[in-house]
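Chain lettering (A, B, C and D) follows the sequence in which the chains are written, and residue indices restart at 1 in each chain.
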Amino acid sequence: MCSSVAFFSVGRAPLIELAGLRCETLSVPRQITSLQLWEEIVKIHPRLAVIRDQVVFAVQQEYVLLGDQLLVLQPGDEVAIIPPISGG
Amino acid sequence: MCSSVAFFSVGRAPLIELAGLRCETLSVPRQITSLQLWEEIVKIHPRLAVIRDQVVFAVQQEYVLLGDQLLVLQPGDEVAIIPPISGG
Amino acid sequence: MDESEDVPKDFIKLKSEKLSVDEVSELVISPCCGAVSLFIGTTRNNFQGKKVIHLEYEAYMSMAETEIKKICRDVRQKWPSVKHIAVHHRLGVVPVTEASVIIAISSPHRAESLEAVMYCINTLKASVPIWKKEIYEGEYSWKENKECFWTNSEK
Amino acid sequence: MDESEDVPKDFIKLKSEKLSVDEVSELVISPCCGAVSLFIGTTRNNFQGKKVIHLEYEAYMSMAETEIKKICRDVRQKWPSVKHIAVHHRLGVVPVTEASVIIAISSPHRAESLEAVMYCINTLKASVPIWKKEIYEGEYSWKENKECFWTNSEK
């Protein structure tokens, strides 16, 4: 089974500037670990590989660390790549 | 040797209301413990006796607890009787 | 105002206009509270010797609001006597000495609001998806909070 | 403003006019500081079930200023990075929800100003000769801070 998710980097922050990445959709297995999802994205945007240790996902606006956590994605789910924050 | 000190209670606070006390001068030994000074004042204003545990002095605007501390008073020194504070 | 009407409220705002300390403090003042504590984050004119021209903030808006709401919920669990909470964060350009964030919290007594404000700004820096770009003369740098919970560099 | 000109300053005021949060925070903002922390003490509408009409404050003026200056000096010893300190205390009648005291402190980073504000209000309550009378309907009561250093009742 496949699920189409929108993934994007928020902000013009480091990510955009690194990969020219704003918003794309991607078809991935409906069940996938967050690290596997990351690797799918890196296949398309290899320049992102170097920031692997810097980012987390927000899946439907909930933080998910890159790792073994299994995501159960619905079509249309929103996955954001979140670079280190600096609010305040 | 005697020293004439002005003593007063600050504020309309409890003291004034208790003893009708605002500002007086008193002749006392130049060297006197703070507790002895208190006792001199109580002789004149016996109604103050009950608040013995509630007050401290400010001698020339420096706090002095009632006790064995020896005061060396100059003529005209300002001694305030300070009731419990409640600023803020 | 009747005390019973003054139910605890959260005031959360992300906006590009100048923040007002008076406005934010007025939001949280309550007739049954004796204490309001505030924290104001302002733009500094220097960073490691470099002259800062201004800051630029951007946010993952909807998620940032959600994360701030979570912080408010945590505050109310930790300090149940807290009355109102206001968190205003500015976005876009913030000139030197102007406020990027104002947090205000009221409580009947002071310890709770002071501790809650400290918790609130610490947690905001660790978890709210907002980014800051420091603009120097001829260059810029994206900043990174040392509190950011997944890098948590404590550099 | 040149950073070198921005020497640390203490702003101490006891006055009977309404206090302004904006005014006090503006006093301490500094281009080389990223943090301002504030504490506002406001008049509550109740005390142990009794309805408070308003408060009345009075001070041993000259000594109160001296004691506040001592607190500022202590703050600067404990937190040397603190830049400006403002302590405004209102005297006379203070209606419900209005501020009786506003303390604002700036520092390059936030921990210092937050801790310093907490220390400042705690010490003010313990040592500055100011008195508060709570006016209820048909009666009144002189208050006593539990922090008052010579009674220190911690009731």
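Keep in mind that, in the parts below, contacts are C-beta pairs under 8 Å (C-beta built on N, C-alpha and C of every residue); 3 or more make two chains touch, one makes a residue touch a chain.
Just so it is clear, the structure is predicted and the values come from calculations on it, not from any experiment.
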Chain of greatest Cα-centre distance to chain A: B
Interchain centroid distance [CA atoms averaged], chain A/chain B, Å: 73
Chain A and chain D, separation of their C-alpha mean positions in angstrom: 48
Centre distance in Å when chain C and chain D are each reduced to the mean of their C-alpha atoms: 22
For chain A paired with chain C, centre-to-centre distance based on mean C-alpha positions, whole Å: 27
Two or more partner chains touched - positions in chain D: 41, 121
Topology of the chain contact graph, where touching chains are joined (line, ring, star, complete, other): line
All chain pairs that touch each other: A-C, B-D, C-D
Parts of chain C lying in touch with chain A, wherever the complex brings them together: 41, 57-60, 62-64, 66, 89, 100-101, 121, 124-133, 142-145, 148, 150-151
Interfacial residue positions of chain D with respect to chain C in the complex: 3, 20-22, 25, 29-46, 96-97, 106, 108, 110, 114, 117-118, 121
Residues of chain A touching chain C in the complex: 10-14, 53-56, 58, 61, 63, 65, 80, 82-88
